[in-house]
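Note that subunit A is present in both complexes that follow, paired respectively with subunit B and with subunit C.
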Partner chain A sequence: MSSSKKSRIVKFKTSDDKTFEVEEAVAVQFETIKSMIDYVCANDCTIPLPNVNAKTLAMVVEWCKKHADERDQLMEVDVDEAPGAVLYDLLVAATYLRVEDLIHRVSQRVSKMVIEIGKLPEEEDVRKTINIKSDFPPQVEEELRKLRRTLGPLSDVLVLFVSSGLLE
Partner chain B sequence: MTKRKASESLLSDRVQKARKTGSDGLSDLSDELLLRILGNVSIHSLTCCQQVNRRLHDVAGDAQLWKAAYYERFVRPRASRLPGVLSQPLTPFYLSYSSKLSKWLSDSHLVNGDTDWKGQYRLRHNWSRGTCSISEIPVADGPSVAPVLARLRNGIVYTVDRRHGLRAFSCAEKYRLLTSEAIAAHTNNTQPTVLTVEHSVATGSVQRLAVGFEAGSFAIFCYCRSKVRFTRVYSHAASLDGDLTEMVLAWPYLSTISQAQTLSLYRFSSSEPGEGEEQMSAPVLLARMESHTVWPPLSLALRLIAGNVVLSVAYSKPTMSFGWLAAMQELTFSEEGEIKDSRIATAANEGFFQPLSTRTGPRVAGASDVTFAIPTSLSYSHPYLVCSHADNTLTQYLVTSSPSALSISPGKRLWGHASAVFSAHVSNRGRAVSVTKCGEEVRLWELEGSTLTSASDARRKRHPEMSVQVASGQNAAPFDLKKALSETPSTTRGWVGFDEEKAVVLREGEHGKQMLVVYDFT
Partner chain C sequence: MTFFFHYFILNHLSRKISRRSKRRGRRSVRPLSQTTKEPSAAASCTTILDLPGPILIDILSRLPFKSILVSRCICTTWRMLVSDPLFASMHRSRAPALELLLHPKSVSCASTTLHWVDLDCIFKTAPPVDRNERRKTRLNSKFYLPLPGCNIEKKCLNVNTSSSRSSFMDCYGIVNSCNGLLCLSEPIYNNPHIICNPVTGEHISIPRSEEDDMFCGPVISGFGYCRRSNKYKVLRLVCQPENMYQTMAEVYTVGTASWRSIGCEPFDLGLSLFTTYLNGVVHWVSDTANSPAVIVAFNFEEEQFSLISLPPHFGETHKEKENLHYMNMGVLGGCLSVCDATFWDHFDIWVMKEYGDPTSWTKEHVICAHSGCLHRPIKFLENGDILMIYNKAELVAYSPVEGYFRYLKIDGVLAVFEAITHVPSFVPLADAVGGDHLNVHTIKASCSEGESSEGTETLFLVEQGKPRSASKSTSFWAVDDGE
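After this line comes the complex of A and B, so read on.
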């Protein structure tokens, strides 16, 4: 952080119409915003963020602040504490603002939570955690299961679909 | 522990919330973000996600995910072979996955173009596990005096025998017979003794084959892929040297070895235009050499390097203290057939060159105590040289051929088979396949990285299995003792070969019925 320069402030407007004031040192970590900071500060504009709400933006800003200097040490904590629902919002926000480290961190967290439940998850477990139903025809599903059992975990389901005419 | 608990409670929280709202957060995410998420999970989870629903099926099957997984599992462990990697500081970034060609080692040919990365991953996975589907192609109904000769190249199995002539079977189309060509009408001596298929570099649509016959005659055939037919382009008259036992074709050069241990090197006029299906004029005999000390089995290899022809003859020779050791003669010819260089090397087994050793005390049990039996087969694909033995083992050598020296590393025993090994073949990527004479034991070996350093020996001790036995991926029928006893076990009659996806073995079953057994790893 360059404290010698006078720290400028970048203003954001979130999806729920709240205005945020963020220090430049934090805002430069948003790859999307980076190039327009000079213009925005000079003209005193507010940057609208239509798909980021105030709560999430606060988290992103918090995360960037912590990581401005000591990137490595804090990696392990922070996002782990975030509740599940917030993670998705955080992921969308981080992607929109392009905060590469945060995307990485959150996506890792989500995959641990949703997909890698236990050592060897089965498809039913995944369906349960993300609450979706199979949209395969029952025959295909049966075939899939059989194939995976007989040929190890790497059966080629795609070929089967096409050849059996069950999926176009 | 506490963390785990916390996340579980969060999880159920999330599930309950999702049930209330009737939607799940994951489905709202874009494909791009789903890819990021799936990029962190294991292969098991990835295949499991493919079964969840259609969308996840498509996203989890994304080539880039599998490409990264392929790199992690099959390329990166060999990263020490990257040029300059040892001089570089070993930062994790340097070895991290990238599309940069130079980081893909011998798999760089996969990186360009449309590669089915999942397919590649599955292929390597099945290969490393020995999982495959097995199919049989009947090639001869009754017993024949000599077995059918067969070779596999670029997805086509070529066979030749006296009765059926030359045939081609397509691996892609369920081993359908593509075409056949009689060989009887053209030559008087019709018993084929050797078949070789050129290692073509996919140039043009023509695959060249050479068939050697009794009494030293041979013929060159072309297989045209687009017209699906064989054309005989050249026939060579019989010679006094006897049956041809080994041949190698590297266009426009052909080298043969006969029963009388005469080696001949021919050059065809290479200015054949276009399709290459025209009749050819007689080749020039560049060199003819005789040997009195080289016995089969031997292996011929022909390389064209900077206008020179390098012919390597790998054979085995008896030694006093070690039994049969692999040896090699490398001959360099100019285009006119003048011998420029001739080098000989024998496997450098420890103590071989030093009858008086400075080592005192009891001898260490290991390589120096081993005597090697006479090989049943020998396969050379630079830099690997593999011999199979009747005593259930294989011997692996590493050949170093530089402008200044030719040397062969000490032989190394490979254990694993439970009966006499009939034949073993090796590819230049260090993959070897071996078959036993009786029964149907086929083993796959990964020789790469198993060089003779002490570090790898230590690793070997921890992971003693260097090979896997091939097993059918399908649910095998329950073992039936009565049936097994009444059946005559099939015997291996010949070796065909293997490529990236398949291994083919020639077997003889009941009543001399011969068939090709194809092990398909895709």
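After this line comes the complex of A and C, so read on.
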């Protein structure tokens, strides 16, 4: 970007139908958008983001505005407060816009979360925590329950369960 | 709009920061069980399954071994992701930690079960303080090895599950571990016969020929990986009946049809001890009648044998032959290492700092212990402690800084165990080894049908009392404990 040029504005429309104006300096960090900025600005287009909502885009923009050292701090804050869903939204958005550093940082954070989840005693707790449902056949579910009764905590059962080939 | 957005961000972040500062110093990661109880908009919005596949694989590949296994049992999507080749390669690229597997094995019988030791969990728990307290930890995580003669037949598998312990006649021995794969050898003559990945249960057979039954004496073998050609190879040293006094070396490249001879083994290994694999080379300590003890190495890439000298003082007369069983060899911190226990009051751990350079042998640790039995170093724990197996029956963590030991007795049906260090791999066996002559089988050791935990062999780790200090040890204390 040449400093002589006036900073341009890139417009986005989020999934919840809000229009966002983002400075070019930030927008160029979106790898997906980068190459089309010239065209978009010249023609006054709005870029639709069908799977990014306003709240998430705001977070992504905030991230991109920060310098590397401040990002650490921002991430730390978000890490402590953000429930899973916020992180997932952020990750989906970062992936869609291709902000590599953000993808990396959020992935790291989510894996930390999954490690914690893995320590829960029952697989149903795990599923509840990450808000997904089991889609195993009932006999597999029953097997898992039986194993847990005899062997104790879930995480110990699983190795046996996995190597037993029940799920193949 | 922009105004709204700035207002939102400022408000949002400042609130977080103020809360954060209050909480700082307590815990950095909030327990997840709490995060969901919060009445958030989470119910209606994104779940972890909405993440793009490659991203989710990236996340899962960062998990420790145990969590990966947990994630396989959450739903079919996760299970598929963990079986994905991208997952396997990502997991491998993250340099997964060295895991410890215990294999119950005595002179007369061995188990078909490998017991995984969750070192993180066990050694992060403080030892019991009270001298009389016994803490028993059950090792529930097991992997199964295939049984000889029945790769796929159902009836044999039933035998397997009813008694996981087998007599020496019908169980495989473990040659060595390499990149997440184990090479298994037949009973009695130790002829290498199976390559398996215990984590995925996949295994393939090494072709046999009729001459395989006519070897004179046990076979010496090793299993390794060639980085340049991306091939796995098995080496065996055999005595043919027609030439009893000459050991022949044969190599099998995994995925090909047969063994091929690479000529005579030049160094007359004699009794080969302590098979140790490191970076494409397998090593043994040679024990021959006339020459001083030496390390014989075989490079799988070049298919060449070479000699590596032991630490300087091993040439002394008292180190020879009869004392060889008071030493051992292994890999410690990525270096070839030799443990010398020929002294009555201590043992030395030597490390070859620069691989292949005998002048780089360094005496890294001198550990005072009136044991009389052998400590075999396994690996460094996260906090710098050295994990060892003592007398094939106890796990020992030794802290070089504070000079104390923690002994955890391994309790099982069999009394002696071999410790196998293994880097788990999720790469499908066919992808890992390549080649045309592959017939991959999967172990299906059913654990259903009313089989209780007593049906399979269970190991416990028993820890008692206070950790013992090395320097203040009274003589032979090791004997009175754990009994």
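Brief remarks follow.
Here is the rule we go by: the second predicted complex is superposed on the first by the 97 of 168 C-alpha atoms of A that agree within 3 Å, B and C clash if a C-alpha of one lies under 4 Å from a C-alpha of the other, contacts with A are read in each partner's own complex, and residues count from 1 in each chain.
Please note the rule applied: a contact is a pair of C-beta atoms (placed from the backbone, for glycine too) under 8 Å apart; a residue touches a chain by one contact, two chains touch by 3 or more.
Here the structure is a predicted model, which means the values were calculated and not measured.
By the document's definition of touching, neither partner reaches A:Cys45: not subunit B, not subunit C. Comparing subunit C and subunit B on the residues of subunit A they touch gives the larger count to C. Once the two complexes are overlaid on the shared chain, A:Glu21 sits against subunit C while remaining clear of subunit B. Contact with subunit B, but none with subunit C, is seen for A:Arg145 once the two complexes are overlaid on the shared chain. Looking at the shared chain after the overlay, A:Val126 reaches both subunit B and subunit C.
In the three-chain superposition model, subunit A touches both subunit B and subunit C at residues 80, 83-85, 88, 91-92, 95, 103, 107-108, 110-117, 120, 123, 126-136, 144, 150-152, 154-158, 167. Against subunit B, the residues of subunit A that register as touching in their complex are 80, 83-85, 87-88, 91-92, 95, 103-104, 107-108, 110-117, 120-123, 126-136, 141, 144-145, 148, 150-158, 167.
The touching residues of subunit C, when paired with subunit A in their complex, are 1-2, 5, 8-9, 13, 16-17, 19-20, 23, 28-33, 35-36, 38, 40-43, 45-52, 55, 58-60, 62-64, 66-67, 69-77, 79, 116, 138, 140-144, 198-199, 201, 442-448, 452-453.
Interface residues of subunit A facing subunit C in the complex, by the touch rule stated above, are 18-21, 54-55, 58-59, 61-62, 74, 76-81, 83-85, 88-89, 91-92, 95, 103, 107-108, 110-118, 120, 123, 125-136, 143-144, 146-147, 150-152, 154-168. For subunit B in complex with subunit A, the touching residues are 3, 7, 10-11, 13-15, 17-19, 23-29, 32-33, 36-45, 47-54, 56-57, 61, 118-119, 121-122, 125-126, 129, 131, 473-475.
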